[in-house]
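For clarity, chains are labelled A, B and C in written order, and residue numbers in each chain start from 1.
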Amino acid sequence: MAAPSATPPATPSVTPPAGLVPLTEIAPAIAAISVSRRRFLGFGLAIIGGLSGAAGLSRLFPVFEDTESAPPPIIPAYDPVGKAWTFVVDSSACIGCGLCVVACKEENDVTEDARFARTWVERHAVTTDGTRYVDSPDGGIDGFPATSTAPGAEGKTVAEAFFEPRLCMQCEDSPCTAVCPVSATYKTEDGIILVDPRRCIGCGYCVVACPYGARYIAPAADRSPNDTPGVADKCTWCYHRISRGDLPACVEVCPVGARKFGDASDPKSEIATIVRERAPKPLHPEFGTRPRVLYLGPAVEEA
Amino acid sequence: MLGTARSLTLAGHTVPLAPRAALAALVHEAVRMPRPLQIWLAFLLGVLALVVPAALASLPPGWEVMGTTPTFEWGLLIVGYVFFAITTSGLCLASSLGTVFGIERFRPLEKRHAILALLSLMAAFGIIALDLHYPIRMVFGAVFVPSPTSPMWWMGVFYGIYLCVLLVEVWSMFTDHPRIHQAACTMAACTAIVAPATLGAVFGVLVARPFWNGPFTPILMVASAFLSGTSLLGIVFFAVHRLGLVGADRAASLAIPAIRSLLTLGLILVSLLVARQMIAGLLSDRPAFASATEALLTGPLALEFWGVRVVLGLVVPLLLVALPATRTINGTFAASILAMIGVFTDRMTFVSAGQIAPTSASGVVTAPWSTYSPSLIEVAILVGAAAFIALGYTLAERYLDLSESSDVHAYVSLSWIRNRFRRPSPEGDVR
Amino acid sequence: MSRLDAIRRAALELLSSARRIAGRLWCAAARLWEAAARFWDTVRPTTRRGAALGLATIVGGASLLAVVFFVGATVAWSPYLESSVHPDTNARTWAALEPTYARDGTCATCHAIEAGKAATASHAGITCQSCHGALLDHSLASPGTAEVTAGLAVPTNEVCVRCHASAAGRPESLRQVEPARHYISECLQCHDPHTGISRRPPVVLHTLENLPPCTTCHGPEGFKARNQRHPAIENDALCLPCHAAGRGPEDR
């Protein structure tokens, strides 16, 4: 290079090859645009062109559409297609023992905090003056005391009462899956609605969207789904049990058979018989979400 | 704005970038500024200093500091987010009459509204980032995985577009690109209608919350946005007039009367919509809607609703802008402040009323009402957001040139439309 | 002016306006084209080497980005990978959780006697795990090891009281007590949940306060008190005058 000197070396003058005309002669306006802006614009165009080309090329190849080999099944020997899981709750049989709540928390590693339960039992009591009181002490996990603990019910005589177990309805037309902004909650092929704890941002939209109050944001406690606190959680109908042919834990331990579960696609199954003969109904059909937990007994008339 | 390796020049002020020189320049500037300004900035910085640890305390795993429960999942932070988000849209809506349609009375609002809108939107995003439990996941989850069934996703899309458009608008405002500025203002005005409407739809699609459910919620949000943006402009322009800031003469003669007429419009609109909602709630046979309305009118929210939202926030401002005795600059300022307080209270009662009806969720039965009391941290975050906007705007007012420029061409001015189809008159076209 | 002329004139005005607008649009388009041409001249390569380099960069960069996006999308959405965002992956994670409760009927394979007893008793139909808690680990543990009894405990009164405490809403067919007034605190002292047979309670010296009606225990079908000297009577009101006056079990 040039010998070191105080002034910077002059740019060498180069005669352009024949046939090429200097820029400034073609368009004098170009000289007006500063060099740095030109470079920036040129660079930007290259990047945009590259990105659009890449995006376009990657869209040309479908990633996973109708490949010959299907992905491995969810659980070996479990075919989710064609399953019509149905849950029937008999509110006239329930005695409010709370064993279902205990079993659910034990089975699914739900936080022990009493404010959060995937399934719970409510007592609906009508006093002699006709007022209706609903109470659910700690979700019913320790059973129920003799009289209603609802505010305003102290000292009043209860004319009639019944227990109403509640859980996620796994609605056909679920508002929770519709409103999730990141599509973290979704419906599986067999109709069970699950939450992906890796994608949930904890905004709580699904919690306010559920008409049945089945969802909550898992607190920062010892036990949380996939060790991820702060994400939405809810009853999954014990997906890990039903995919192995077992019953959900709450159905398993109910001492009076107030909860029934099965695959209604088999017309000879117990659950299909119940649905056919006793015509259970969903709660609050006016919400329009088409819940799949069907109720028998006084809970249906009251709703 | 011109930047070199050694210094940054913005609107005539040069800031050296070497650390020691920058610090010296900062101290020099702080000593030199007028005493009231020093006190005001010190106060704002003090508030922010208190708020920042509170905000940090709410980061993971500190979520338990929020007062929300499964029966009342959306609390004060959501209220704050909605309030600042609709304020930012309202600012562009209110000033679109000047920027997009070129009406002379609204021209003074040009530059100030853009700064305020940008600050307000940044505050809204900051609040929601603190409310979400995993905000980074939202960037990847919402951007790369579209969820078109979710109104919240669309709200994110539209407010994202709005942010980009606002940035372009502010940039072009200070770097002399009038046509880009015009296009950006038009785009911002359009987005400023769609975005709060989508925010209203976030509440309006929920069948589980009959108080929010329905087609009037998006309309109420847009009307609230208009009112809120106008009130903020009223407050700011009163300060411009009283402190004699840049453009104060036009502020008193043009901007403040213009803001007064916008306020009147906004107050009447919001009053009609709120009245409609209360009447619909009283006559409704959906129990949650009826009990939510009952909570607002005679229940736990009654004091906030009647005392603050209706009387202080709607009736008194309407009187102030209607009665000849109070159609003054001070009267407009008072009306603006009260209307703004009214809109904030309206957001709060709105979000509360939707969740207050007795319900049972995740094992908790609430009776007679679902309860929620905001924790100190949530209040601190909201106060911090307001202080942030005040601080940003004060600095912008001091160091940027916020007077109107005469370069902004009216893209679609009413006179242009009128003159297209006029019969040619002997004097020729008159603009 | 006649109406026809007015219409014609309005139409001509509209036409001229339309022509003016079209002309302006055309000018704007031409200006855009010129601007694009000027811009292209600022970035267009001037040497053959420059042109080759530019083309190579764009094509190479585009292909590299395409490959990156394709691979990234494949990896992120693959249902085969555990870290993917495909919903099936997460469904598999949920389905792969380990159960804690065993299947009904597992108990009978080892505990046939108790299962047989329970099947005919008043607690028939209640699964073992309702009272004994989660038993899957117990059922899978190898017999004779410490794991078999790990975590097991005899159910306490709390389990019985859950169902049998009297509470509003429970049907009359369910036998209910008020535990605070049932005076023996240990349910298993008298009641065998597996067979439903209740034994005679052990002798308890008790005061006369806070008790259920005397006939609950000492009625004609109930227990005779130790050293009971008179046959059981059916009317409570007849018990108290003598026994409250001090003539009762403490006398002896």
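The working rule: a residue touches a chain if its C-beta (ideal position, glycine included) is under 8 Å from a C-beta of that chain, and two chains touch if they have at least 3 such contacts.
On a predicted model such as this, the values are computed, not experimentally measured, just so you know.
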Count of contact steps on the shortest path from chain A to chain B: 1
Longest centre-to-centre distance from chain A, chain (CA-based): B
Chain nearest the global centroid, as defined over all protein CA atoms shown: A
Chain A-chain B separation of Cα centroids, rounded to whole Å: 32
Chain B-chain C separation of Cα centroids, rounded to whole Å: 41
Chain centre separation (chain A, chain C; CA means) in Å: 13
Contacts with 2+ other chains: residues of chain B: 145
Of all residues in chain C, the ones touching two or more other chains: 85
Chain A residues counted as touching two or more neighbouring chains: 199
Residues on chain C engaged by chain A in the complex (per definition of touch): 37-39, 41-43, 46-48, 54, 57-58, 61-66, 68-70, 73-74, 77-80, 85, 87-88, 90-101, 103-104, 123, 125-127, 129-130, 133-134, 158, 161-163, 165-171, 174, 178
Touch list for chain B against partner chain A, complex: 60-61, 63-64, 68-71, 73-74, 131-135, 137-138, 141-142, 145, 147, 149-153, 156, 202, 205-209, 286, 354-355, 358-365, 367-368
Touch list for chain A against partner chain C, complex: 16-17, 20, 22-23, 26-27, 29-30, 33, 38, 41-42, 45-46, 49-51, 53-55, 57-58, 61, 63-64, 71-72, 74-75, 78, 95-99, 103, 106-108, 123-125, 142-148, 158, 161-163, 186, 188, 194, 196, 198-199, 226, 236, 238-241, 243-244, 246-247, 249, 252-257
Residue ranges of chain A in contact with chain B within the complex: 101, 114-118, 120, 122, 133-136, 138-141, 150-152, 166, 175, 177-184, 199-205, 207-211, 213-217, 219-220, 229-231, 286-289
